[in-house]
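Each of the two complexes below includes chain A, the first together with chain B, the second together with chain C.
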Partner chain A sequence: MKSYFSLQWKRVMKVLPFVSVVTVVLFAGIAVVLSGLIIADQSDDKNMKLRIGVTGDTDNSILKMAIAAFQNFDESRFTITFVEMEEKQAEKELSEGGVTAYLILPDDFVEKAMRGEMEPLYYVTSAGATNIVTMFKNEITTLVTDVVVSSQKGSFGLQEALEDNDIADTEGWVDELAVEYVSAIMQRAKVLAVNELQITSGVRIANLYLCSLTVLFLMLLGLPFVAVYARRDRSLNVLLVSRGMSVGKQLYDEWLPHFLSLLGLAAVVFVPVICLSATSNTMLADLLSTQEWLRYMILFVPVLAMVSAFNLFIFEVGGNVVSATLLHFFAALCMCYVSGCFYPVFTFPRAVQAMERFLPTGLARETLMLSFKVDAAFYPVIGVVAYGVLFFAAACAVRTYKVRRWEGVCG
Partner chain B sequence: MKITIQNIRKNYGKKMVLKDVSFTVESGKCVGILGGNGCGKSTLLSILAGVQQADGGAFLYEDKNLFTYTRQRAQLVGYVPQGTPLIEELTAKDNLSLWCSKEKMEKELSGGVFKLLGIDEFLKVPVSKMSGGMKKRLSIGCSIAHDPPILLLDEAMAALDIACKQKIFEYIETHKKRGGMVLLVTHDVMELQACDEWYILKDGVVHPFTYTGDTHALVRSF
Partner chain C sequence: MKRWFRWLWMLSKRLYKRAAFLAILLLIPLAVLALDAAAQANSGFIHVVLSQTDPADPISSALVERFMSERSLILFSYVDDPRAATDMVITGEADAAWVFPNNMEEKMDRFVTSHYTRGGVVTVVEREQTVFSRIAREKLNFALQHYSAPACYLNFTRDHVEQLDALTDEQLMTYFNDVEFNQELFLFRTPDGNTSVEVDNNYLMAPVRGLLGVLMVLCGLAAALFYLRDEEKGTFALVPLRRRGWVAYACLFIAVLNVSVVTWLALVCGGITTSAWLEIPILLLYAVCCAAFCLLLLRLCGSIRVLASVLPILLTVMIVACPIFFDLHLDLWIKLLFPPTYFVSAPFDGWYLLYMVAYAAVCVGLAFGIRRLTEWWRMQRTRKRKEKG
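Now for the complex of A and B:
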């Protein structure tokens, strides 16, 4: 006589080829998104440039020098590129996103500045809501104005003073001072540093992406199993109960093969990644050390146990394949969304942010993030295990109800 | 040897489904339970099978209340619920292996109950590719694989063709001859002919009825 567990295992094995294909496709998709995010993040860090058009009277050589100095002496994280262009072209590029903004230098700007007249620079940008981008633009406006106007005023004032006193600038003092001016003013660029507001929770942003997308991957991994587990006909469960097998034992015998198969699938896709990480000098190696990968895989176990219990609960509630598929898909996506697996959670309202840490997906991500932390509290693991038990108990309650109802409505 | 159903009661909230159900099934007899839809026939069988709990009453077998002796009940009762209690992805053989040992299966297939039900004809066919009749015969095979003396059949022959029904009737006759007891819930007049006694379940109480082949009289008594 075979056990219920062994038959459930056999069932799972029958659908495993199909599930494996879906898993590989899902993993590949998520890996592409992850690498895209990491590359974009690295690119943002190293190469982000604000392209600002300069239009109007740019003929003055000293003004050109100031702009060149501005670009060359930029000590901030973000550099600015000034591009000379016609006003119409600048307008077109602004509408197409080619430039972030453009400056209009009034006619005889330099000459007027030399006379001490305050002729404002016009900074043209696209309309936007009051958010961090607008604030950033405002800072840039102030900075550009200060750099260009103040450095011009200072250097020309000095030149005028030298000329008034018949002193020849043989050593290039004016130019040197202008450069010093620009350099000094550029210290203000530090106000442009982006504050990441705890979104990384003590880990690198790339690792945060890895954990978030892994949770998304694991949550969706159970989807192909809907066809195996979701069923409307409860007569098998009814018969098993009548033969003395409790609902809890039935569900345990179903959960265990599901959990083991998920673990196997996760190992199939992650072990090559770990090997690649250990043996090559690629982006993967930068992402996690071999030791961190191993910790990561160990922390997979409680997370997968919880995810498999969650799947079982959803399959029980869903009842049939279509309902269970939709329910599973949307429940997984919603929980991942609210937990910040798609967007950094700080962009959400505070109430949602507070909820994130208590959601199973949020706790799952926190658990995986323990791989990168030293001396971290292990409460997320306990939370994940507690959720696993809760989902299992909820699945038992739903099945018990359905088994009793199955006969109740038919008689 | 007999089973006695004694004062069984069951409520769903405020609704009383079974008020006071009492009757006896003697050894070698088949008792048919009839009644309108939703009158509580299946509830009664699921209570006897241990799927649901009764609010009161007893299910006696040789002076033992099987509501208390749950392990013994699991061995003594063979319950065929509505639907197909089978694992769709697996074959008939795999499904039977859940309920009986390999030796027992081979014995029953070579000339026993499984042979009688014709399961040997589709032993290696996955359930998902079986006809309704095959599934039903296999369901019965799974339910009675442990040779229970008490058989509870809940509309076991619904929507089956005559040939399939005939096989199941043959099995019921064999079971009765061995001294087994059958409790059969049905809406089908043809199935009533396999019964020795009949009861109509109405308003939560069973009423004895003698079926003579007069369908009109049967309908009037509902």
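Now for the complex of A and C:
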């Protein structure tokens, strides 16, 4: 039955040029995301800084001094930049991503605050924003409120004490206490004795993103082949079974060209990456060394063997182009989400992390991480191969059921 | 009217015969509920283990209780032994350990009275410095400020205001404690002034709305693939040509409308909504918008093979370009090319409801224009062949 293998090979070759274009575009999209994540994560101070606009009534000299002091002396200068601007400009920059958020100071904010009339500040973020600073905003603003209120209690407590005891504040003690509180806030970090052990988990977060997004890419790589493999008409399969070609052999002849084509497509996009990393001093060279990139590509073999078996299984279950597309995308998206392709896996609850280690996508990610993890156990590769065999067996079972049903319908 | 309902029923019935479509309708709310259940469990961007040298110390106990009870993006846990806390950091079970000393009040007072030179009150052990560890430390710093503020007030008063020396510390603190501020210092709002936009959900649930929007587009595209196949089979042969476009749109709209019902259920049950009733018009308009976008793609791609191949790129581009997981700060016009942007933004900015209508009108107009052009081109080609032949 060499001819069935040749037939499948030709079917794959027919769609390969188009699928190659789709693959390159898909790879480019995921590469953009990866580079964006890596740049955002770099520990370079410039890249980590968050810009927060300050708008409204910023003319007060005390406020200007406070902002300048925070910008030059405070611990937060490494992470946050406050930028004075008009509200319209702040709104524009917020929509373009120039600022993460902006504050609106009401009129005469400082003067009123010094009289004990604390008007609320508006903290403006874009709708549905999903970055880390926005997610932390509730926590940080609660704490800042706490600190400001405590400071105000001190200043106004002193003012009350002086008034109650008929003492005139000729020396400006209340203002001096307010300045003392600002000084205390700026020296707040000294209350901690910090011991940084400089132990990494062995995996840089950039490499974690690389492996996670590669898994996402490989999982979506097979989707353009749905029109080749998802079909309702089982008459050819029934005929082949009647001629002595088992369902398993048929699926193997379908799986092998699919697996080899996925490997070829992965090579088309990753070989230039390896060449670039070897020849130039780029972000790629920072991610992995050339040797690690080569190991990375070698580890694609078991991963793609599993992915191609998964694709065949889903296409068998789907039974037609549309159902197979829906099921494939939904299953791939759910598994990739839980396996840390979008959020790092350590941000998930422990129970989910424990489950994720046994998912095909989790094992695939662990397998790819072996390329740069020293002395790591090889169990992920065994897991990936086992899943590949399991998906293949499941595809055989589904095909057998459908062939028998087709025989029953037509026989 | 009867005819409309008959069409509605027939177009829905053909979808419910597809097991995969039914499976998706069932799986969407189940997946969201499962994720919501997972999101309720303890998780965080960084794991900090707390420990006290003296568990009876009131300040450290209050701090531990505060951190452990608050909902936070930092995962806090507690161990009795400070050495065990440090070991957890070394072994990687935790990212940082905060060890509170005994006699915290005395040590905080000393920190203040020494003009912040005798620091190092709380021991922080970290694996490595990251943006999360810095944010976590700021949380601790600001929390400790709450306890140093009274000491700062007392210390300053004793140092500078001799006229109040007659008062005891307790009497001075009465003035401090009697000052009340009963209002929020910060109010949150969006650029259009909407202040009631806080959706209290975990960061794990934050992208779910966007993903549901993408799934609705996916279902619309699946319906487009169904339609193309049915058109090949001649299912709509009896429908006049001039109405085929609207039939195509109706097929896609009905499919997306069905999915929007389960999406509404998923949003409400998962708590990912500002208002359950507000979601109904949003979802209706989004269904119109999605169907229009899918119709345009159907006309642009023209065949099952091309559309199925373009699908993964399109879905990936939507996940990347729309503000679902990441905000790559792309130009607004790029984000507005894809329907999920409108779905994600509509609950927070009412203008997006109008933008959805305009977007749908543009997509439908373009789709019909492309169809007219295609038909004209086919007619021209047929005419030229006839002239040659």
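Throughout what follows, the second predicted complex is superposed on the first by the 247 of 411 C-alpha atoms of A that agree within 3 Å, B and C clash if a C-alpha of one lies under 4 Å from a C-alpha of the other, contacts with A are read in each partner's own complex, and residues count from 1 in each chain.
Criterion: a contact is a pair of C-beta atoms (placed from the backbone, for glycine too) under 8 Å apart; a residue touches a chain by one contact, two chains touch by 3 or more.
These numbers come from a predicted model, not from an experiment.
Look at A:Val149: by the touch rule set out above, it reaches chain C but stays clear of chain B. Contact with chain B, but none with chain C, is seen for A:Gly244 once the two complexes are overlaid on the shared chain. Touched residues of chain A, counted separately for chain B and chain C, are more numerous for C.
By the document's definition of touching, both partners, chain B and chain C, reach A:Val15. In the superposed pair of complexes, A:Asn165 makes contact with chain C only, with no contact to chain B. Legend: residue contacts after superposition of the two complexes on their common chain; A:Tyr4 is shown touching chain B, with no touch to chain C. In the superposition on chain A, contact of A:Leu236 is made with chain B only, not with chain C. In the superposition on chain A, contact is made by A:Val403 with chain B only, not with chain C. In the superposition on chain A, the residues of chain A touched by chain B in one structure and by chain C in the other are 15. The part of chain C that touches chain A in the complex is made up of residues 18-21, 23-24, 27, 31, 38-39, 41-45, 47, 70, 72-73, 89-90, 92, 108, 111-112, 116-117, 119-132, 134-135, 137-146, 148-150, 152-153, 156-157, 160-161, 163-164, 167, 172, 175-179, 181, 183-191, 194, 197, 203-204, 206-207, 209-211, 215, 218-219, 221-223, 225-226, 229, 304-306, 308-313, 315-317, 320, 323-329, 331-332, 344-345, 347-349. Residues of chain A that touch chain C in their complex: 15, 18-19, 22, 25-26, 29-30, 32-33, 36-37, 41, 43, 48, 75-76, 78-79, 91, 94-98, 118, 120-132, 135-137, 139-141, 143-154, 156-158, 160-162, 164-165, 167, 171, 173, 176-177, 180-181, 183-185, 187-201, 205, 220-221, 223-224, 226-227, 318-327, 329-330, 333-334, 337, 342-343, 346-352.
Taken in their complex, chain A has these residues touching chain B: 1-2, 4, 7, 10-11, 14-15, 228, 231, 233-236, 238-244, 403-404, 406-411. Chain B meets chain A in the complex at residues 12, 17, 38-46, 49-52, 70-71, 74, 77, 79, 81-90, 94, 97-102, 139, 142-143, 146, 154, 185.
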